[in-house]
Every structure is written in structure tokens, then in C-alpha cells.
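Encoded as C-alpha cells, the structure appears first; notes follow it.
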Amino acid sequence: MSATYGNLFQITIFGESHSNAIGVVLDGLPSGIAVDFDKIKTEMARRAPGKNKLSTPRSESDVPQIQSGIFNGKTTGTPVCAIISNTNTRSQDYQPELLRPSHADYSGIVRYHGFNDYRGGGHFSGRLTAPLVFAGAIAKQVLEKEQIEVLAHIKNIGSVCDAALDYAAPDVELLRKIKSETLPLLDRAKAAVMENEILAAKSEADSVGGAVEAVVIGLKPGMGSPFFESVESRIAQILFSVPAVKAVEFGIGTSFSQMRGSQANDPFYIQNGEIKTKTNHNGGINGGITNGMPVVVTAAIKPTPSIGKPQETVNIKEMKESTYSTHGRHDPCIVQRAVPVIEAALAVAVLDMLLEEKTYAGTI
Amino acid sequence: MSATYGNLFQITIFGESHSNAIGVVLDGLPSGIAVDFDKIKTEMARRAPGKNKLSTPRSESDVPQIQSGIFNGKTTGTPVCAIISNTNTRSQDYQPELLRPSHADYSGIVRYHGFNDYRGGGHFSGRLTAPLVFAGAIAKQVLEKEQIEVLAHIKNIGSVCDAALDYAAPDVELLRKIKSETLPLLDRAKAAVMENEILAAKSEADSVGGAVEAVVIGLKPGMGSPFFESVESRIAQILFSVPAVKAVEFGIGTSFSQMRGSQANDPFYIQNGEIKTKTNHNGGINGGITNGMPVVVTAAIKPTPSIGKPQETVNIKEMKESTYSTHGRHDPCIVQRAVPVIEAALAVAVLDMLLEEKTYAGTI
Amino acid sequence: MSATYGNLFQITIFGESHSNAIGVVLDGLPSGIAVDFDKIKTEMARRAPGKNKLSTPRSESDVPQIQSGIFNGKTTGTPVCAIISNTNTRSQDYQPELLRPSHADYSGIVRYHGFNDYRGGGHFSGRLTAPLVFAGAIAKQVLEKEQIEVLAHIKNIGSVCDAALDYAAPDVELLRKIKSETLPLLDRAKAAVMENEILAAKSEADSVGGAVEAVVIGLKPGMGSPFFESVESRIAQILFSVPAVKAVEFGIGTSFSQMRGSQANDPFYIQNGEIKTKTNHNGGINGGITNGMPVVVTAAIKPTPSIGKPQETVNIKEMKESTYSTHGRHDPCIVQRAVPVIEAALAVAVLDMLLEEKTYAGTI
Amino acid sequence: MSATYGNLFQITIFGESHSNAIGVVLDGLPSGIAVDFDKIKTEMARRAPGKNKLSTPRSESDVPQIQSGIFNGKTTGTPVCAIISNTNTRSQDYQPELLRPSHADYSGIVRYHGFNDYRGGGHFSGRLTAPLVFAGAIAKQVLEKEQIEVLAHIKNIGSVCDAALDYAAPDVELLRKIKSETLPLLDRAKAAVMENEILAAKSEADSVGGAVEAVVIGLKPGMGSPFFESVESRIAQILFSVPAVKAVEFGIGTSFSQMRGSQANDPFYIQNGEIKTKTNHNGGINGGITNGMPVVVTAAIKPTPSIGKPQETVNIKEMKESTYSTHGRHDPCIVQRAVPVIEAALAVAVLDMLLEEKTYAGTI
């Protein structure tokens, strides 16, 4: 618990990798939003596996089937449910007693007293991010109407880093353009090097981690609250539910810890009659509240724990030490597929906060 | 919103730096807990300012006055309210129109339409962490009964780092011992260097950031949930409400992004009939659920924005660019004072999750 | 908002009368519960229409299709999603501009800015109680393991009343037995009279209201909380979401307002070493907390607003006064079909509170 | 749990009858509301005891002391905390082992494992409604700005009924005028009879119950949601937390159960270009959503269980049957004092829903 996120725009996620379907319920959507299904398809495709040698060959059509909440192509305002069938499931021999290191096998067995669906990772599967991307795709369409956009790039994969994002003035055009790339990078020249980093890991039956840096454009100042629902709190809550995310940073994040105040502070100035900051180290948030600058957040993605290399583990049934290597389909790197997921999670959080903002932004 | 955190153990915080009082309501505490007021006093004192040259000279007695919920020295099980009077408030001339860079002045003015109490930072003041420490002090006493302990040290201040914590087998005795230190460090030899780092910043009318690394000992495996209330989500939500926290990492956190799976994965083994991991890169959490290893979390604390150095800013009343330097009392470094605050926030989150665990840990 | 009910056992409902499907997500179920699908079928059948001349001839198979959360016949502990297809939908000419009196047509149009799915009542349709009955059927199976049972009878339909229930010692055997009746009554002799009451309304193209009285057996004392989650608050919240419920009473309910304390108070006594009350006017709840006596609650069900008789109304498109009479399929009385719905809602509320009770019932 | 009510306007209540203080935290208030303290005082006085022979002689000054959230006489938008000191507490000999029938003594002892503060009823005391009245007094001032008013009268005390309220066109002027009466009645002629009803109970060392009928004027159509936060659900949740409330009815409430649809339905018509209903049996709510007519709700108040007459009970310490009669100060009737409490609870619920309405009322 809780499978539900959000205060006013609430999403409820369900499903296991090999259950009949995975899906999501979206509650609190404004009514009358014309849903662009092509855009949803595009977002789903960005996350989908099986497209190239960088990801798992498991191929899923991943078409969200709308059960409710959309009528004549528009949101009704009542809950939207979409399910995505699990079709390409392999009936293989699972050995749930062999705990896969750094996966949720052990913690899941204890949590659910051994009754969890272990097939394909069950409810812990990265596949559960598909309904999240659907939710995000809808949320983005609502945000668009208020000129708010969520964009992202790969900050690094292993030791290969993309060019630095300008936090105070991100290149929005470029960020939009790279959305369709397999490796969305500000510096296209890094694509080949990064691909090699992934393929090198793959060739060694290994995997590699990375980081996704995302930016929210168009947020007005004054959104959020100090305790306990700071913009950082709300965003971090959902990002830390995305499998494999192990660190969340706002603005320059961990780098703050090595800085002086005089370096870190963002000086205010006036631009076209609006208050802006010259730098944006704080990632657009002061005191938990937006200051009108782009919101910048980075999520560290751990290398997928599924690797071909043999690993030490425990057979929990026999309570004996053992070894394990992944033989099934898996990704050498999930960072590029995580980009639309992080965007989606952000979009969901931002829409929720935006709705809440309507309750205090106006004058009563 | 929301001033309330938690599902089952709920804390509600209130107050401004110069209002009559600050305080907190604790709901959902187990009944019959004998409250040790000396321990509360000790925790409050760890956070309190004015003790040495490393922090602001504002001296507050910070004695929480219990209004309700404790009877005959024990928790009743109904809400505990404690208030802390604001006594040492200076009646100085505030210039709320001069936006202090990287403080919440601007975002706060927009958020609250200019009606927020600006004196001493108002509701955004670090002073609001005092009731949080009180809440944590109570939570710790409940956790203690279940052999759960929250411990922390300063990971670094500026460029000065403490010795590395052994995530798989932290030195609990040492961590307990350093609680009473001004600079709680694993390597005592670093204390003088670190103090100099702070004093150097102070002497230049500047401030310096740092990081606090905390560990939760004694958690059984199986606590938490994948979506959307992973252990990471719940902890990050409250940590990101602590003023100045800009990054939260679990286990090795951001370092995951540069690693291979074979390096990052934590191999399972059996120790005294229990399943353990050899390393603890994941910080005791897999799939959002505890795995029985110590939970390790790091919070990056930005340098306090209040510095004596002149900074560029905007006079929002006149909508003109201007300069600002802090003249009042302020801390050159808040990292050491943040240690008990981070511990307290963690204790609150852990107690809340622990209560929830009771609903799924047993067999129905 | 919110389509989600509950703190620990959370149900999220979705669907419209003529959308692809209606359904529900159940989160927080204990893992390892063997699901008895026959029992679910029985509960669904109790609510289903089209069985006799007392209800609408719309016939729905209403088979909940499990999408997730059940593996090898047992709950996994992760969210269960069930959908029920909308198959028997008539493609008739709807006139949403003619506001049906006492239905949600007008309030719904304003609430959703005219984008709500009006076909068959859309999200407001009584059909949405089918997923609620599914949720209740699962909840009941969990409650059963703790010897808790939810039972109900028709208190009255129009002017025809059933025999009085003994609040302090309800006839549990009888209540179990009447579950399968079309009109579940304590006094079987009343069935024919009551049926006539319904058929009389039907013959006059009219409908008739009634009340359902439910009892929860097996609850231990000490469940619930004074503010703001009294047992009454939690149960009333969900009951008042059931379409057509307009009053909720606990114990003798409204009758309290005409009584003296000396008549109303429930004297305590000891029975087999346990504290009991001689009468149970308070319906098993004192101060918002169970006292170990049966919890008794009554829900008043208004006559279904769909009647054949012509009614005065407004054509909202033309903003002209007009008349309306229901021509489609509808129920002359929904009270008998509401019995399993009220039971289900109660079961959901009780399971949620029961899980919460585990957090304070034990000693920490 | 939970001591907190509300989604956007959240109130958190604390205190025991004889603890240092009782109080409340209000979160989510709009900023910039000029607080009229005289109006607060008036509301507090309406509830306060000790004013006449109809209520307990315990006299409390009941002055809410503002701790935070109000600056320069206006709400800051951050949490308001107010505490009310418990001054007039008698140091009498309590016998918590003698369970007072129909009070929360027994259920409370079990719920809190005997650690609850039993003095004066502790957290269950009707005294806890004082902070609720404070919260309501603030909420009313916000509602006033949107031309929304909460008004109430005594529907009946024992067998003495007030004149009927016209649900479709309540006499607002009259309802405002009677606010200051000891017994707020539409028909002043009933005051003496009703007073006699109370005094008769008093003279027999007994108490008497009653009902409060309240009306909310000025709500636009379109507020609320079908599942699970219908207007009825939200209001009932808070009303059923008010001690002694045992039934909640909307519109004609329980009377619906005896009616035909043709009688019960509220016909629509057009008045001055607005859609209205001729009758208002539904109490302004259809499908859980306001329809623009006055919201009408009735709360049944049980006779206060504290009576001088001897009652059968149990001595829980000795587990022996015993007798009990109240000797301390108590009210023969609490209905008249409940009027401002019911209004306050309603105002809190309505403000919360009104804030939420802002998230869906506009076009995105």
C-alpha cells in the first residue's frame, strides 16, 4: 500500500508481469479533455522493449484498452481505467526459490508471505511502468493546455555523460527534438559512445546504470507547500516508486553539499518585468515552492540486477547458499527506457500539484 | 498543504519563527508508552542553536510544553500536542521586499499572496524543525521497544569527508557514542578539519553545505510496498520537507548510475540461519521493501542561503534590482544541527511504516 | 474525487453504465487468502437484475474478470483488479437534455461541464454497485477468517415493515438463511405483503423506497477512533456513496432524539466473563469505538427516481420547462437489490478498520 | 485515528477534558482572510456551558489562544493553531472502573489499553467540540466571502418539535435571527414547551435527546463527487465524529423509505433563468453532487448518557456488576449546545469541498 498516488489527480496501478493484464485507474482528470491517442501511442512506444539491441527482446504491443472515463473522445471527468494485456508471456520454468540478488525476490517473499506472483517479477516488474507511462501521457496532454511541458535526457550511462543542461535556460527545442531518439541526448555525438558503453556491458553478460535528468517548463511561481508536501516531496514520492530509482536530486542536488552559500545561491534579477534567477541551482524550487524557473530533477537508475554473470545467492526453499545467472530475456541497460517513465511520473506529480494550486492561487 | 505527514502515525506541524509558538500534533501513537522527557530534552538540545561558534547565537530554551495525550507519564493513545514558545524573537526591522536569494521569500510571497509571516523566515524557518525533533524523539522511544534505532553521522561538510560507513555492518556502538558530539563523525580526527571548514566559511561571511548519512538498525525484512509507498518514497517525502535538503540517496545512491550490475548487486548469503547480503549497496531496500539489512539514506544539505556577503537581488515592492546581505543572526553551517533533524524525520517515517507493517506482517 | 475509499484496504471504482467495462481495484488485501469464486458469484447474483418481476429486465452476466492480484487461487497481496464487461447495453436514443428529476442528470452536467457519459446514467448508474459487491464479496471472505459476519434484512419497503431485529442478540442463523431470498425478511409472512407493495407501485408506473438494516457480528470491542474516524464516520462515508442512500442510522438512530437518557442508555452486565450491554440501542458503538456488541446500521433507500409517470422537468438545452417519463427498463423497487450492496459496503469498511485495529490492538 | 479531517482544508483536533489544553490546527486556509475575533467569540459563546439552567454549570472561558497562522489580523495561509486552556477542572475522585453506560468508558479502555485519560471523559468529552466550533467559526468567515451560509435550528427535543423548515425556500432571515437564542427555533412559541421538556428531564435526574436540522445556503450546483466523496459522505463523516450524533439524514432522510417515487422526486423548473427544484426532498444533493438548492441535513443527538438516576453497570477492575449514578456537573440536554457544533462541522466540510470544487469548476 498504497497503489494510489496523488491528492486530486489520483492514479491507482495494478497488475503483474504475467497476470491477465496490467493497468491503471486515473481519477480527478478534468472533464472535456480531447484525448490524443497517437500521442499516447508515441509515449508507450518510447518505453516499449524489443525495439533494438539495447533492450530486452520481449515484445509487447502494449496497447492500452480504455474501459471507462472517455466518451466521444473526451475525458468525462469520472475515472479512466486502461488495461494492457499481458500477451507475450513465456511459460518457462521459474525457480522462485533462487533469490535474484538486488531484485525484490527476497523482500517480496517476506512481504507477501510467499504468495506473490513471482513470474517475470510479478508486481515488481519494470513492466508496471507501462501503465505509468499511459497515465503520464494523459497528464501531459492536460499540462499542455497550460503551457507546461515535461522533458528529459539521459544525463549519463555508466561513465559516459551527456552535455550539461542549462538549468536556467534549457534548450527546449532541442529537448523536444530528442524525444524520439533511442538515446535522448543533448549532445548527439555522445550517442555512439554511450551505445558502446551499453553493448560492452551486454557483451560481458552484465548491465549498466545511469541517470535521467528531467525538466518541467512553464510552471508559475507559487506552487507547492513547505510541510510536508513540498514540490520535492511530491515528486520524490512518485519517482522513488519507479523500479531501480535509488537517488533523487533537485537542481544541482548532491553538489550542494560541497559548496559555499555564495556559490550556491541563485541571485534574483528582473527580466521583462518578471522576477527570475540568474542561475538555477535550486532547480526551480525554494522552500518547497516553485519560483518560476524550470524545475530540474535527476533520478539515478541502478543497473538492472538481471545479468548473465553468475552471482552468489541463497536457495530460500532449501536455505542453502547457491549461485544464479539470468537466462531469460533482459535489458543490458534500462536507462533509455526509463526516460519516458521518469517524464510520466513527473507529469503525474505536476498535474496533481497544479490542480491543488487552483485551490490557493486565486483570491477567495 | 499538507501540514500532516503519515498514514497511521500522523504528525501535523504548525508555527512561524516569530508567532506565539511553534508545535506539533502526534496522532496514532501507541497507548501506554512511558515517555522519557530527559531523552526528549537531549534530542532537542542536539538541534538547538546558540551552543557554540558554529551556529547562530539565537538562543531558545525550546522546551516542548505538552498540551494533551500524555497522562501519568504515559501516552494515552489520543493526540499528543506539544508547543514550543517563541521567546527570543528580535523586534528588528524586516525588509520583506528585499528577496533573500535561495530563501523562500519570493516563492512564499507568491504562494501566500503576500500574507505570509515574513519575520525570521516565518513558517519556512529552520526553527520549524524543532517540533519535528520532538516528534522524532517520541517516535524513537517507540521504535526502541522494537529494537529499532536511527543513527546518523555527518558524511561531509564542504570538501571534508568523514570516514566511510560500512553499510552492511555499521559500527552501531560508535554511532551511538558520537550522538553527543558537536560534529558527529565516525573518524574523530576529522572534527578539527571540518570545524575549520566551517569557520573558514564564517570568516568570509559565507556558509557551507554538507551531507548527513543516516542508518536505521533493526528493521525486519518485508516492510514497505512497491507502488507508491516504497520505503524510499515514504522516507524521501518527509526528508524533502526538511528545509535545505536537496538530494536524497538510498544506499550508494547516485553512484549506482556509474556502475555495472555485477558490481552493484548485493549477493545473498546465510548468516546464523538468516538471509543477509554481503554488501548493502541498496541500503536495505529492494523493490521498495526492506530486506533486513540496515536502511541507509543520505540527505544533501545546501549551504544556508543567509550569508553576510552582498548578493544580487530584487526589491519586489519597487520591482527594482538591488543588493542584499544578511545582518541578523545566522549559521555558517547547519549540517551538524541537521543531524538530529534527519534522524527525527527518519524515525517518524519508520514508525509510520512499522505500524502499517502490523497490518500485513501477521497472518490473517 | 475520490474514486478510492479506505486507509489500508483501499478500493478504487471505475466505469460507466455503457462504457467498455466497470470494475474495481482492491489494494491492501492480506496475501494468501484462498478466494472462493462461488461465493463471489452468489453475492453478484443477489444484486443482479433481471431475475424476477420486482426488478429491471436488463440482464447482465456480471462475471468479474480478474486481471491481477490472484495467483494460484490465492490473493498475492498486491492489487486485485476485476472488470465486469458491459454487454447488454441498448443503443437507444438518449435525451440527456431532458433532466430526469431526482437523478444526477443536472448536477452531473454541471459537475462535469456536460462531458459526462449520460448513457444509462453513466458513472451514476446503480450498475456501479456491481464492482462494490465484488469488493464486498472478497472482503467478507477475509472477515470470515476472523469470525466476522455481515448480515442484513429489509427493514421496510414503503409502509410494510419486517419484524424487529433484536439488536442485542440478533438471530444469526435466520439472517444467514434469508440471504438467498428475493426479499430477505426476518418474518417470512411479510414477503407476500411486501411484494404486493412493490407490484402496486409498479402497476401505477411508480416506484417505492425502503430501508435496509444490517448487522456486523463478531467485532471485538476497541475498534475505531473518536475523531474523525469513528466507526460511524467510516461506515457512513461508504454507505452515503451508494446511490439512493439518503439516511444512515446507528442502533436506534433517529429514535434517540425522542428518548430520555434513562431509556436510551445500554446497561452493562457480565455474561460468561465478558462485559456486554443488556440493550444495544447504540448499535455496538460508544464514542466512535466498538463495544463488542453487534454493530447495527440502517440505510434509508429512496424510491428509484425512474418512474413511468410523467414528471415536470426542464430541457436544459433549450432552457424550457418540459415533461419526462421513463420508458426504458427500470426497477419499481431497488431495496431488495440494495441488500447485498449495503452488506458489501459495510464489509469493505469493516475490513479496512480491522486492518487498522491491528496497529493499535497489540502492545508495542 | 485520524485526528485529521479534510482533503484541502484540514483540521486536526487534540486534547482531553482535563489536560493542559484542547485545541485544533487548521491547514489549507486561504491566505489574507481578515479574521473577525468577535464572531469567533460569539460562536464559542453559543456552545459554552454554564449560561443557564439548561446546561452544566461548568463554566469555561473558552478563549482560543492563537499560536500561529494569523499575522496582522489576517490568515497567512500556513497552519493556524489555537489552544483553549482547561482551567475549570475539578480535582474530584474519579472511579474509572465504574463504566458509565452509553459513554465511551468501556470501549475507550479497551481501545487504549487502559491508558486513556479518563478524567472528565478525556478525549471523548463533549468539550472537544469547542475547538471544532473555533474551526467552524473560521470556516464560516471564509464561506461568507462566497455568500455561503450555514444555519440551523432545533428540529425537536424529545417529543417537542419545532415548526417545519421549508427545504426549498428556508426563511434565511429568521434562521439568522434565532442564532442568538438559547433554543434556536423557527417557532418561538415552542421555546417554553421545549424548555419544560428539558427541565422535566432534569427534575427527574434524567436527560433528553433531540435533533438539529441545518441548512447550507448559497452553494452552487456541481460540487461533490459520486464515489466515495459524495457531499453526503463528506458531511456524514464529520457529523458522525461529533459526540452523541447517531443518525444523519439528508433532505427528508428516513422518510424516503416510506414514499413512492412520484411523491419523492423533486420536479425541475426554471426560476429567473436558473434551474431549480419545486420541492427539495433530496436536500440539495443528487448523485452525491449539489444541485443548487439548499443543502439540508439533520443530525439526531442522543440524550446525554450522564444522568443522576442509578444505572446498572460493571466495575471493570473487580469484574463485578454494580450500579452507577452521575453526581458531577452535567447537562440535562445537549441539543441546544450542539446547534453551533453541527453548524461548525458542516462549515468545515463545506469549505473543504468548496476548495476542491475550484479544481474542477473551471475549465482547464
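Going in written order, the chains are labelled A, B, C and D, and every chain counts its residues from 1.
Following the convention adopted for this analysis, a contact is a pair of C-beta atoms (placed from the backbone, for glycine too) under 8 Å apart; a residue touches a chain by one contact, two chains touch by 3 or more.
Remember, predicted model here, so these are calculated numbers, not experimental data.
The interface with the greater number of C-beta contacts, when C-D is set against A-C, is C-D.
Legend: contact pairs of B-C compared by residue number with B-D, A-B or A-D; the interface matching in over half of them is A-D. Here the spacing of chain A and chain D, counted between their Cα centres, is 45 Å.
Chain A and chain C have CA centres that are 39 Å apart.
Rounded to whole angstrom units, the spacing between the C-alpha centres of chain C and chain D is 26.
Annotation for chain D: residues touching 2 or more other chains are 1-4, 7-8, 13, 28, 31-32, 77-78, 111, 113, 123, 226, 356, 360, 363. Every residue of chain B that touches chain D in the complex is listed here, in rising order: 1-4, 8, 10, 12-16, 19-23, 25, 27-28, 31-32, 65-69, 71, 74-81, 83, 111-117, 122-123. Across the complex, chain C meets chain D through its residues 1-5, 7, 13, 99, 101-108, 110-111, 113, 123-124, 128, 155-159, 201, 204, 206-211, 220-230, 232-234, 236-238, 240-241, 243, 245-262, 264-270, 273, 275, 277-278, 281-283, 285-292, 300-307, 309, 311-314, 316, 319-321, 356, 360, 363. Per the touch definition, chain C reaches chain B in the complex via residues 7-8, 28, 30-33, 77-78, 142, 145-146, 226, 355-356, 358-360, 362-364.
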